[in-house]
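Reading through the structure tokens given below for one structure.
Should a chain be cited, it is by its letter among A, B, C and D, assigned in written order, with residues numbered from 1 in that chain.
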Amino acid sequence: MKIHEYQAKDLFSSYGIPVKKYFLCYEHNEAAAAYDKLATDYVVVKAQVLTGGRGKAGGVKLAKSRDETSQHAKNILGLTIKDYPVTKIIVTEAVDISSEYYMSFIIDRNTKSVILMMCAEGGVDIEEVAAKTPEKIHKFPIDPLVGLPDYLARKFSFVLFKDVHLVNQMASILQKLYKLFIDKDASLAEINPLVLTEQGGLIAVDAKMTFDDNALYRQHEVLSLFEPTEDEKVEAAAKDKGFSFVRLDGEIGCMVNGAGLAMATMDMIKLYGGSPANFLDIGGSSNPNKVIDAMTLLLKDKKVKVVLINIFGGITRCDDVASGLLTAFKQLETDIPVIVRLTGTNEKEGREMLQGTRFKVAETMGEATRMAVEASK
Amino acid sequence: MSILINESTRLIVQGITGRDGSFHTKKMLEYGTKVVGGTTPGKGGTEMLGVPVFNTVYEAVENTQANTSIIFVPARFAADAIMEAADAGIKLIVCISEGVPTLDVVEAYRFADMKGAMLIGPNCPGLMSPGKSLVGILPGQIFKKGNIGVISRSGTLTYEVVYHLTANGMGQSSAVGMGGDPVVGLYFRELLEMLQNDPDTDAIVMIGEIGGNAEEQAAEYIKKYVTKPVVGFIAGQSAPPGKQMGHAGAIISSGSGTAAEKIEALEAAGVNVAKEPSEIPEMLKAKLGK
Amino acid sequence: MKIHEYQAKDLFSSYGIPVKKYFLCYEHNEAAAAYDKLATDYVVVKAQVLTGGRGKAGGVKLAKSRDETSQHAKNILGLTIKDYPVTKIIVTEAVDISSEYYMSFIIDRNTKSVILMMCAEGGVDIEEVAAKTPEKIHKFPIDPLVGLPDYLARKFSFVLFKDVHLVNQMASILQKLYKLFIDKDASLAEINPLVLTEQGGLIAVDAKMTFDDNALYRQHEVLSLFEPTEDEKVEAAAKDKGFSFVRLDGEIGCMVNGAGLAMATMDMIKLYGGSPANFLDIGGSSNPNKVIDAMTLLLKDKKVKVVLINIFGGITRCDDVASGLLTAFKQLETDIPVIVRLTGTNEKEGREMLQGTRFKVAETMGEATRMAVEASK
Amino acid sequence: MSILINESTRLIVQGITGRDGSFHTKKMLEYGTKVVGGTTPGKGGTEMLGVPVFNTVYEAVENTQANTSIIFVPARFAADAIMEAADAGIKLIVCISEGVPTLDVVEAYRFADMKGAMLIGPNCPGLMSPGKSLVGILPGQIFKKGNIGVISRSGTLTYEVVYHLTANGMGQSSAVGMGGDPVVGLYFRELLEMLQNDPDTDAIVMIGEIGGNAEEQAAEYIKKYVTKPVVGFIAGQSAPPGKQMGHAGAIISSGSGTAAEKIEALEAAGVNVAKEPSEIPEMLKAKLGK
């Protein structure tokens, strides 16, 4: 789950990590008023959207007057950045930048731990730095049983700074951000850039956080910040029914048991020249109600011209799956072509049960996919 | 031989009296797995399917000399179950539970490692050494004893591959479903090492998917250390970036973790990568020179 | 540092550990009013003093009416228990006891960790149980890197209980009390008895906590509960000057550098038939001001007939110590006999400097002690 | 030989630029200890008494191959200093700091143990192998090289005993001040084992005091495993119960931890317990048959 910069900054503040004051605005007049309230010469107007690349898209602008602030706000509120329309902005005090740094905590698959990443170059695209000059990025895994005591925070801070006052400031930011990360079940907490001001203070000029969906049940404060897109609402509704669902652009609706097999099905549709309308993993069992729910979900997408059901009968036998499908489709009112591929335990019995019904039955994934692609043309 | 589990595997089921726990205990017993005990706090002293139930893993281990455990408890209790098993002296812990918070896994994995225990999962189908032991929810009847090692990030896709292998007369030494989450226990590198060292494994199938760079790391390992033939498959070639494909671990982030990168790395390491699962048996036969 | 039962119960409450409601009273009328406010049949009146053995001393009484409560309060407020006058009491709801247990967390020197102690017999003198039937006491060391996660709390709780509902209640109490212990730098947290009521609930009927003096600098809430005795005030004032001081009953004032040597000096005085007036470790250096402060402290005790100064010159040389003593006593107005024993580096030089002065100089601890004991008779 | 420290001890001083740190660094250098570095965050790159100063123990170890550290930082930072040393690979950590919160010591000790490091102290005078190395604040000039091992819970009382030994021509192999707090690192049992195994130690003096039951446990160990003569001394025979005698660890609680109990246990284990420190040399001579 993603949150906005301003929401991340609120969390930072509550953990004592230094950020500049900001005002959240929904229209340009509010932005102009914010300029007055900040009572400073320079402000920054920043789009608040749940995606990266705001700067390149013109979503971040420096303003040095009330009018300029208002004008920038107007422009930015008219933008759409990577499909996200900008509906809110923040106006925040600009800082005198002496130098910029990058730091983040992120869950690392390889070390199976949280790692700290730091770089003496901040405010840049860190993935580009990682790709071109990986030696510039310092990575430190954190032992969950030990955490980030003073000596480690100091050790890591000395990597970026020499002056002990900056080291102590940095160590404190590291410890607070790590605590925030752990307390809130984050999957990413990033400061880019972390700015050393002309006045000698460290301050988080941007703030990015994402959270572990699996832990939201125990993170009520985080969950309250959730602003789902239309797609995410559909995906969340599907999840409530026990499905994993992702909407795509094509014409072949897929219904598969298992995430890996569902991905492989999409891949094969592409391989055979078709285009999948979705990813849908209906999970372990194939009871009739689940099939009804899944078909209802697929048929909402009017682009869907054909449905491909790919089931591996493992623990659930193929004959049980077949009878479940028959029961389900008795209640469904649709004449869309449905290709069924059934493999696994008792596959022959299962396929026989589907012969002569509305289903087109295939033996292999290849055959089923070919049939589905043909029907979608 | 086989890896991780065999005839001397003595299994306890954590959460044995739950719906999933009891269902799969029955399946595992039917397959011939030595299920020697189970745990459910408060149900100690009772029996389930003829298997004694204990209040704690400590008691279970003490009374049954179990060396392996499988976990079917709800996600929010899974990390605690892993740590209890590790603390009680279990050496191989298989966590089936789905939806476990990642930081819970990070902590439980570290703790298990400190106690000298191996973890498989969470969010995995478990593992199977055909004819010897089933510790998981894999459908026993599709497997056949043989000399192909199968390691995979996915469940049903593993079954699909195993099904084709068995249908082509190619049995399996061991099959391990490692789990679909970003952080799980044993992974490609460790399992490749075990299969390379297993005298009863002649060839290896590794089934990867988008997200992370474990396949790339596996490719490096294969290039250096694996002399047995390896055939690969990568799911998610058509997946769009930034979208999670079912598995929490299957997500292409910032242009890395794509199927194309993984396939390239594997092929550079001499691994044949199949375009569809049904090709795998033929590719293996070609590599094995049959 | 010790706190009262009612203070410990307040801490328990703030951590969610179940205790019965109580009223703190300073006189018997308040106690009678408390009986009314509790609106229950049976109450318990309990002395609040910073020592054990209240029950045996008559400091804990059951009352079943307003009058009886008032009468017990009056009696108890007249008691002095082990030198502690009872100035406050609590009136608390009585509980229907089904069974009683003992539990505590305590710092264990041998395992160098916090240990959990539990016993199926509660409300008794646990040290007596430990001495007579040690097998009845269950001890579990807690790994500080692991703490007390659910599985351990459950494991330990199953030692006392079979019913899973009680196990869960107990596990929760264990976890909360451990957290309290760690959060507050306790050295002991004890519930004796922990009562299983007729209604099936677990409740802490008594509560005892002591805290690590070395950690009080970071425990402001705990420190605010401190009620020093007169002796403790003197000891605390001495500590502020860098001394370790304990007042005793005898006539020979001691001034020693180092705690071990100070104890050995006291021991030798007893061995030679004398009686030490105090334990006083003046620490590492022997600068004149420290000696003046120490003498001032010793001479406050009018029973002191002679002072024995026992200094081992290690890092500080004996000649420096001697000149320090001479400087100090120039400013002190006292004609009390002072025996000085100086050993260590440059001891001869040091002793020579003290020859012919007001000091009686000895070479060995034995000689010095004999001189001091003689002078005290 | 000697225990714990000798000519190959390479020492760093944590808090070397502080008042106590610099004073005792000078003393240790004068004694001949190989002080190879020191740490004070922010003072990295400077020198103190000719010794290079580093920002972290990690840097110090990397640059000096130190194997031992001594800690002079204020009590509230002491546990952090112990853990840094252990994490940086130091194998013997001597903590002089006084007044460290007990739970800090519990955690730091556990961490050091996990990292394979030994801890002495806190609240201790350190240790000495005469003629070889001094790692502590003990007065070097009262010691003499020889064959008596001395282990003690106290500082000045140790000096008193060592003074009598040296005055009687009995040198010391090693002397260790273990610290006066309730929880400290190496203690009687471990040190007795080391002295028993040290070929240059012929007899042992152990100096205990009231509080705890470490002397009783030592007595049991001696009975079973120590064949070398042991002479003991216990301070605090006249101490009243419930009062802390200077050392936080020297307190008789609930009638246990008394000097009488300890003396009885030691004598039952064949240890001669001296009534006053000055008796110790004669008792040793008698035991050694001289």
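As a working rule, contacts are C-beta pairs under 8 Å (C-beta built on N, C-alpha and C of every residue); 3 or more make two chains touch, one makes a residue touch a chain.
All values derive from a computational prediction rather than experimental measurement.
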item: Pair of chains joined by more contacts [C-beta pairs], C-D or B-C; value: C-D
item: Geometric centre distance via CA averages, chain D-chain B, whole Å; value: 51
item: Computed distance of Cα centres, chain C from chain A, in Å; value: 56
item: Computed distance of Cα centres, chain D from chain C, in Å; value: 27
item: Per-residue multi-chain contacts in chain A, two or more chains; value: 145-146
item: Multi-chain contact sites of chain B, meaning residues that touch two or more partners; value: 111, 114
item: Pairwise touch network: line, ring, star, complete, or other; value: other
item: Interchain contacts (touch definition) - all pairs; value: A-B, A-C, A-D, B-C, C-D
item: Complex interface listing, chain B residues touching chain A; value: 27, 75-76, 99-107, 109-111, 114, 137-139, 141-142, 152-160, 163, 180, 182-183, 207, 209-210, 212-214, 217, 233, 235-240, 243-250, 254-256, 259, 275-278
item: Chain A residues within the chain B interface of the complex; value: 107, 109-110, 112-114, 127, 143-145, 182, 185, 187, 212-215, 217-218, 244, 246, 248, 256-264, 266-271, 276, 279, 281, 312-315, 343-345, 364-366
item: Contact footprint of chain D on chain A as seen in their complex; value: 146, 149-152, 154-155, 158, 162-164, 167
item: Partner chain A, residues of chain C touching it in the complex; value: 145-146
item: Parts of chain D lying in touch with chain A, wherever the complex brings them together; value: 41-44, 55-58, 77, 80-81, 83-84, 87, 111
